[in-house]
Amino acid sequence: MIAVRARLDGVVRRFGSVEALAGASLEVRAGEVHALLGENGAGKSTLLSILGGMLRPDAGTIEVGGRQVALASPRVAWALGIGLVHQHFTLVPPLTVLENLALGRRLQPARLGRTLTRLRAEAERLVQRTGLDVRLDARVEQLAVGERQRVEILKVLLRDPSVLVLDEPTASLAPAEVASLFELLRGLAAEGRAIVLVAHKIDEVLAVADRVTILRAGRTTFSDVRSKVDAASLVRAMVGESVTDVAAAVGVVVVASGSARAAAVGVGVGASVTVDDAARRRPGGLVATLADVRMHASVGRPALEGVTLEVRRGEIVGIAGVQGNGQRELARVLSGRSLPDSGSVQLPAGVGFIPQDRTLEGLIGDFDLAENVALALHADPRFTGPAALRWDAVRAEAERVRTRFSIVASGTKAPAYALSGGNRQRLVIGRELLVASDLLVAEDPTRGLDVAATAFVHDQLRRATETSEGPGVVLISGDLDEVLALSDRLLVVSRGRLTPVPENARTREGVGALMLGDSSAAA
Amino acid sequence: MGSLLRTSLLGLALAFAACGGDAGPGEGDAPLRVALLTAGPVSDAGWYAGAYEGLLAIRDSLGAEVSHQQTRTPAEFDEAFLAYGSSGYDLVFAHGFEYQDAAMRAGEQFPATTIVVSGGGRVAANVIPFIFELEEGSYLAGMLAAGMSESGTIGMVGGVEIPPVQGTFRAFEAGARAVDPDVEILEAFTGNWDDVAAAKEAAAAQLARGADVIIHNVDAASFGVFQAVREVVGMGRTAWALGMNRDQNDVAPDVILGSAVIRIPEAFLEVALALQARGLGGEPIYEGASEGVVDFVLNPALSSRVPPDLVGSMDAARERIRSGELAVPRVPFVETESGIR
Amino acid sequence: MPRPDRFRLGAGWVGAGAVAATGAVSALLLIVGGYDPFEAAGAALGGAFGSADAFLSVTLVRSIPLMLTGLAVAFAFRAGVWNIGAEGQLLAGAIAAAWVGLVGRALPAWLLLPMLLALAAFAGALWALVPALMKVRLGVGEVITTLLMSFVAIELTAFVVRGPLQEPRGVFPQTEAIAAGARLPALVPGTRLHLGVVLAVVAAVAVAWLFRQTKLGFRMRAVGASPEAARMAGKIDTGPVTLVAFLGSGALAGLAGGVQVAGVTYALYEGYSPGWGYTAIAVALLAALDPLWVLATALLFGALEAGAAAMQRDAGIPAVWAVAVQALLILAVLALDQMRRRANAGSAGV
């Protein structure tokens, strides 16, 4: 008999007039990895926040270890053994990783040194056991998003929770890291812990979960053990019965399962889009050139060490790599946000940029939809007078973006912080496509998105490059399946250098090896 | 002496109250309305405290209706005069030179209100500078300082370098040199009236340079001067402080030898009586030793430490000042039609 | 998501809460001190609003420097520039204004007065330029530098009223009264209310328009809300925007100093400002950095000061109590502002 560690039943939570949860249930058992699935905005994050004690439900019951409890604060949840790995980072950038790990612990100033030494030993053991690559003495501000996520996980694991809750832990991890994380989670489950995990990729869910629960529109619509489900049934339970949706989503599932690229292009877009393969093979004129670009990262070794790249209209140039290999700097140089230390950069006028961290860099939470759209338009003469912004025109444009990209919001006056993760990304992509008449630089554009939203983003990128008049797209992503499926040309960035991927190496294994710096795979 | 003056003034007040008063403003049944403006706290045990006591004395002796406001900035001066002028106050004591410009404006606007500006420099029909000839007390203080100094060095710590303060220091110097022509005299200004730390630092610097008697003219910041002296005394040195403006002998009875005093309460009461009796007549008011308002008082707790012949020569000097025989240096600053006085 | 705009509705709520909380605690304090809180409140209300003259000549006149410095603070804070040196910029403006008003006696009023105000604003901006360049060029935090510049301005004021600008007799540490043509005319004849209040309202409307409608204002708000997003999504060069925020803020504070010299004191003194530039921070925060709300919160502080002075005069309550009540209000503002932020943050993570 498997012990139920935590049980949430009939949970309701409202934000103003919006019901984020309308009767959600979840049963977490010891020794199981429990995957929580659902579209963006289905209420997954809200449910996890309630489990972590950060939000209180308006109705419903919570039991932990068989007793009904009120999770009044994160501290209470902690005391009950529930450890939550956040989707948004909670680290202090100027501190080192080790110092961040020490935060939240009861520290005595006089014994700080000894505490840190003990903590270091503990962390090192854990790092060794889990294969999480974390440099304990690096300052967090030097780390890329993927590395920061690993620190978050490490931070929670150090407190040895009996219920470990992870909100999209794989979103920014490289394939090898995903595999090792899953191994870790399985190991932790085997120790008798309960693991709850929000994931978007169905193949990941199928690979790791013992039990699957699906939320739709704030309700639990499905919950069963892994052995009784397959990809198609999960997708149907998630997105409902709409045929095109399923087709689109399944297409991505197929891609994610590692099928051939041709199939991905053909199926992935479903019935709604036709792609002229011939046109894609004939890219247009040159729109951007980097020649021998070198750049230092804010600290430490050079981030870009002689990068040369040409981008043409109507092509998708995929750049794969593990976080922290220079893709961040490359994206900024390509989008005109940073100037390199040396080398020549030629960029067109109409450049769109989808930054990696949409919450911090892509949007301003306190700004409403129109103001966020204005971020891309405030220098465009069509939307400005001599001094004033033409807000009516900007707002009309924002409304077009909202309807065209199906952003769920009360209107263009809704603040961005009220949008769900998927809708935030739709807003960023919609806005950047407005200005990307020549070049679009997309950095991890589907990070943290669900199946349908990912399909939507991919569809948008393909549509933009349908003809040789369209913009050139540079897709910088740590998601191998994504770059394999979308790219006309594929390169790998490793330690600040770009390496083209030969046709015969366009497989997960081949690219993965190149990403880790193994050039023999390219030979 | 002080109690004599007080008694006589009280007697005058009672006599005046008895005959009903029919000459000045505030006649009839309406009580005299008197206000006080200070630029610092009335808890300074000195300049402002004396003024506040004067206000209370006017209330108690004359049955006047009184009010006090502490202003913190020049922007408030006009407002305060407006408040008192428009609500019909007969007499406003503006206790500091700072008020003089605003007082001139208010005097024009409210002819029925008499404004007395302590230390003021401008005169109008109803705006009257009120000058305390504290120099006469400072002269005696200078004599004591030079007579008591063993090192031959004495110090002066001032607040803002304005003529009334400069005047007291020039007189102090004159008094000191009358006793010891070779005495070395140090001088420092802190730039304000309330920075206790700055005053203490200035005094400590003078003590470090060998001064062993220090006089101040820094109002509320004087505590810093006394503290500095107390600290070197605690380290085994012999040093003395002198009080100013008000009898401060009980503020630090262990180190203050005596104080150059203005009997501000009595002077205020006298001004109020004069206003009731005959009006003030657009002339600056001077109050000094001969009026009994300014004096130097020894600290009774320490008077045994002062050589009798020094006390004797101070008493003699006091009499010569009162009789007008000895002219104490002054720094004139009141602008009148006949020039600066 | 349907949530109230956090700036506008929030400000009213915080303001009302702050006033209520302060009232309650102040009453308690007065009772403890042995004073009658009702008599005190009556005197305070009468002094602030009791008559047209009390309101126009006292409350409104006191709130004018707070309006302009409050705007200065809001202007900088909205762009993420923590200029806490409005005090020094105000003094720089006051010095410039006094200088123009003294040396420009020969000039006609239509030229002299605008010149005085323009130079006051310029001097304030100049005073903000040093911390601005240190921030933009060297990355030195402005909290320390703006504050230090205020101390320099205080000393400079003390110097000029004893040196170059001292009244001709050289007796008192203050300037001579400025030329009649350099003075701001009365807005309502027979009161002390001067044209400066119109200037403050115009400035508030202009700043509000700048923030809501213009490219520059939008860029300032973007940099203030999130410098990363402004750079990455907005492709905004934050340096020039930051510079504008410093200079504009300094100019508004300098204008406050000029208006005070030309409208109220007509002369410069040592210890000229009772801390308008610091009170302005509370004024701006209470207004949630909304320029139009700054007018209202400055009026509230003006009324409080006027009431405190009246409490001294008419209810015999010592000056320190008035200061204590003001400090209480500021504390209440900060506490309630923080509570409002938390309430917002609690429902933001959907």
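For clarity, chains are labelled A, B and C in written order, and residue numbers in each chain start from 1.
Going forward, a residue touches a chain if its C-beta (ideal position, glycine included) is under 8 Å from a C-beta of that chain, and two chains touch if they have at least 3 such contacts.
Quick caveat, the model's predicted, so the values are computed rather than measured.
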Overall pattern in which the protein chains touch one another (line/ring/star/complete/other): line
Central chain (by mean CA position): C
Separation of mean Cα positions, chain C and chain A [Å, integer]: 45
Centre distance in Å when chain A and chain B are each reduced to the mean of their C-alpha atoms: 77
Chain centre separation in whole Å, for chain C relative to chain B (CA means): 37
Parts of chain C lying in touch with chain A, wherever the complex brings them together: 1-3, 6, 213-216, 218-219, 221-222, 225-226, 228-236, 346-350
Contact footprint of chain C on chain B as seen in their complex: 35, 41-42, 67-80, 82-84, 86, 97-98, 100-101, 121, 160-163, 191-192, 333, 335, 340
Parts of chain C lying in touch with chain B, wherever the complex brings them together: 47, 53, 57-58, 61-62, 65, 158, 162, 169, 171-174, 177, 192, 260, 264-267, 269-274, 306, 309-310, 312-314, 316, 318-320
Residue ranges of chain A in contact with chain C within the complex: 15-18, 20, 45-46, 49, 54-55, 332, 336-337, 353, 355, 357, 360-367, 371-372, 374-376, 378-379, 384, 387-389, 391, 409-410, 414-415, 417-420, 428, 431
